[in-house]
Amino acid sequence: MNFELNEEQKEIKRAVREFCEKEFTPELALEFDEKEEFPMALYKKAAKLGFTSMRLPEEYGGQGYGLLEDCIVVEEVCRVDPGLGVAVSLGNLMVPDILLKHGTEEQRKKYIPPLARGEAISAAAFSEPEHGSDITRMDTTAVKSGNEWVVNGSKEFITNAPVADTFIVLCQTDPNATPSHKGQSIFLMEKETPGMEATKLKRKMGIKPCITGSLALSDVKVPKSNLVGELNKGFYYALELFNETRIAVAAQAVGMSQGAFERAFQYAKTRKQFGSPIIKFQGVSFKLADMAIKIEAARMLTRKAAWLFDQGRLDPTATSMAKAFAGRAAMEVTDEAIQVYGGYGYLADYHVERFHRCAKITEIYEGTTEMQKLTIINRLMKTM
Amino acid sequence: MDIIVCVKHVPETAEAEIKIDATGKAIEKTGLVFDINEWDDYALEEAVRIKEKSGGTVTAITVGPEDTDSTLRKCLARGADKAMRLTDPKFQGSDSYAIAKILQSTIKGLSFDLILTGALAGDDGYTMVGPILAELLGIQHATMVKKIEFDDGVAKVNRELEGGLEEKTEVKMPAVLSIQTGINEPRYVSIMGIRKAMKKEIKVLGLADIGLSESEVGETGSWIKVEKIFVPPAEKQAEFIKGSPEEVTTKIAEILKSRGLI
Amino acid sequence: MTEIFVLAEHRQGQIRDITFEMLTKGKELAEKTNTDLTAVLLGKDVKEHAKTISEYAKKVFLVEDAKLENFNSEAYQKVLSNLTKEHKPLLTMIGHTSFGVDLAPSLAAALKLPLATDCIDLAFEGETLVITRQMYGGKVNVKAKVRKSESYIVTVRQAAFAAQKPNISGETMEVSSPLTEETTEKRFIEYVSPPPGGVDITAAEVLVGIGRGIKDESNMPMVEELAKALGGVLACSRPIVDKGWLSTDRQVGSSGKTVKPKLYIALGISGAFQHVLGMKNSDLIIAVNKDSNAPIFSFADYGVVDDLFKIAPALKDKIQELKG
């Protein structure tokens, strides 16, 4: 058993940390938090250095590492800033992963390299206004017409929708399938296809530089070569993807926790009350110790889940445990960080409130904490 | 062009709080982040740029214990082709003179067209390794270099002088050039670079391998022996203005007003 | 009786201040060690300089040669090697300047004499030279012994010693140049002046000096606005010029300009001596830095230990408010 990162992983951590500490300045973080824009220039810079394509194979312009190395990067970017970090880490989410598993060689060659190089942004349109965590039934339909599919419906809470170039869209292709999820398929779509319209969701609670939007699809004509994998297998493909992204979300949560903790720790060392640094008071120091414990536990769960995945031994229990625990830890740690700062913590200029606002998303997206618990208990029921 | 770059692994102290350790002869190193010396960072970048333009190789060399590998790996990830670490317990206590001797006895056996060093190191600031190394190798040098051009067996360099002035000087090659900061903009380490770097071996040599005697290195082989270090006595101490930004700026405004500055 | 050498430094017809600073310290050391103070002047047509310097030293060795017109470490080293071998001075003092750092290390290595660089204080304890210098960008001082030798070489930090004119009228002794053939391996070509910028910071009454603490180029407008509100201009320490955020003509310090404004606000400047050298004589210095131990607070009149990103915008607002 080895709980340490190897030398290569340490180098990766150092490189991404150096990049983020120089590029993700506190002022830039505040600016993007306020204007709710995708940090495109920053994203392209990070992509050029390989930070956004850790898990993609080298033959498609990626770095050829595993999910564990990706998690190291995700943790670091979110540690320096949760908003910019999430935005940068999700620029090419899901599309390369699904194409690598189920796409044709032609689809892979066309879509993955620009995403790996940071020249294109991707979005995965699964959730619908009426169906968030429950994707067993889609109101968005795709109907075959000659060599094309005609797609109608609407999608909600889609990360990157307003800035994405390449989309995957989950549609009901067989309305009569029972259960309904056996009649779903995934299609590739390119931006500006007639009938597609993305709208930016504004005034989110956190991760504001990561743009979320809704997607309206009205009579969108999709060539049949854009079907990903087999017809009516879309639901299963989507579930598979969540297994990977959930671990990355846990890494986001760990990074956010670590960033808020380090800020609070430094503050506690320098802030003086009643003539001594507040870290000398147990009310503060015990809080910091508790924060450190939670972060380390969350990190270990996350790394274990990633490691299992990289070993080809994907374990949904481990994944769900990591996401549920790391998400809750992030909420608690960032909350306590504000408490350590006292009144200043409540001000945007002191940054920790932003960490707290951003942390909440990790308990919601890619399967809420409740969904994770459901997974855990269902699997325990089967095995115990 | 085959270029050797001498680099040093130093603690980042520009923005860190420094404490003196129990011996009174060094600073407390725990908690400090070590990285490539800032001047060497520019030297490495310059070497890699020259290589990218005109071909050849870049070899990074350092003197230090095993943990200096992270600086060498950074050099490899940023474009160096080879890396060497000169490590021996006997090297401990070496000042810049002893370090220059260690470097010279290693480098004399290598083939090179140019040697780059940082003008100084951010920790001890001796500002002497480059020219001593040159003298020991019997070649020319230039320090405080801010620009390099090559021309038929010579390097034409701009050296930084005081007061914003520079001088252009021509140096016969091979030469040792000590690089001043600002000569270029060092690149970030990329993941592609790390991938390449991890496949490369760091060659490690000790005292016996480089053919120096024990008395030539470490404290006995050095010119300078640190007796004690201490916090500089303040010439004067600023009057500290405390409080919230509002309180602080109100006080500053009062001071400026009283002096007729606003 | 042996002697203490001070290498005179001059450029473009001017004797540089470091020369007089070293001669002053050299005189003190000579008295304490019962040795003679000798200035060593190398150049071409520098008899006037010899005359000026002879008012500070008992003896001036004057070596004139066309090859010594401009500083060249190769030529200087040959001349100084000969003089050192012949006279075996107890100590040779050279400025820790761009010239000095190009010359002293290779000279010391060639003569196998111990060298201590960037000294801010020097003393002899018996026959051992004990020096004080700084480390970690001026955050700590080091007291160190130099390996025992008949003869030592040091480089001396600029402005470490105040120059005082003694009442001496020394004797100039011309020494013939040992440079026989043209130096071939190193050649001075020309001086290169920085391109003239739009702003003369030496003429400004208010300067807002920025350093490494500014972190990112995107923060420049914020400090520019502060400078504007104060009716001043931006100046900076070296890292800012290195990054290309301001041009060289804005740099304050030993490798930049020396300024003496009525107000100097130092934002995120730690206070390395190279910078301090250029601004410490300002009428009023206010420093903002996160590190309460930053050396800048030893030179500032007022200090604020806080984040400059909070103080600078607040100060700008405050001043605009007062100005109406």
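Just so it is clear, A, B and C label the chains in written order, and each chain counts residues from 1 on its own.
To be clear about the criterion, a residue touches a chain if its C-beta (ideal position, glycine included) is under 8 Å from a C-beta of that chain, and two chains touch if they have at least 3 such contacts.
Note that the structure is a prediction, hence the values are computed from the model and not measured.
Busiest chain-chain interface by contact pairs, anyone?
Per-pair contact counts point to B-C as the maximum.
Per-chain Cα mean versus the mean over all protein Cα atoms: which chain has them closest together?
Centre-most chain by C-alpha means: B.
Could you please state the distance in Å, as a whole number, between where the Cα atoms of subunit B are centred and where those of subunit C are centred?
Once rounded, the distance between the two centres reads 20 Å.
Provide the C-alpha centroid distance between subunit A and subunit C, rounded to the nearest whole angstrom.
So the centre of subunit A lies 53 Å away from the centre of subunit C.
What whole-number Å value describes the gap between the mean CA coordinates of subunit A and subunit B?
40
So which bits of subunit C are touching at least two other chains?
Subunit C, residues with two or more chain partners: 310.
Enumerate the residues of subunit B that touch no fewer than two other chains.
none
Which residues of subunit A are in contact with two or more other chains?
In subunit A, the residues touching two or more other chains are 22.
Can you check the complex and tell me which residues of subunit C touch subunit B?
Subunit C residues touching subunit B: 11, 16, 70-74, 96-99, 101-102, 104-106, 108-110, 114-118, 130-131, 133-147, 155, 158, 184-194, 206, 212-213, 230, 238-239, 241-244, 248-249, 251, 254-258, 262-263, 270, 283-287, 290-293, 295, 297-306, 310-311, 314-315, 317-319, 322-323.
Within the complex, which stretch of subunit A touches subunit B?
Touch list, subunit A to subunit B: 7-8, 10-12, 14-15, 18-19, 22, 48-51, 54, 63-65.
Looking at the complex, which residues from subunit A come into contact with subunit C?
Counting only subunit A, the residues touching subunit C are 22, 25-28, 31, 349.
Mind pulling up the subunit B residues that touch subunit A in the complex?
Per the touch definition, subunit B meets subunit A at residues 69-70, 73-74, 77, 188-195, 197-198.
Could you please specify the touching residues of subunit B with respect to subunit C in the complex?
13-18, 20, 27, 97, 100, 119, 122-132, 134-136, 140-144, 156, 158-172, 181-182, 185, 222-232, 234-242, 245-246, 248-250, 252-253, 255-257, 259, 261-262
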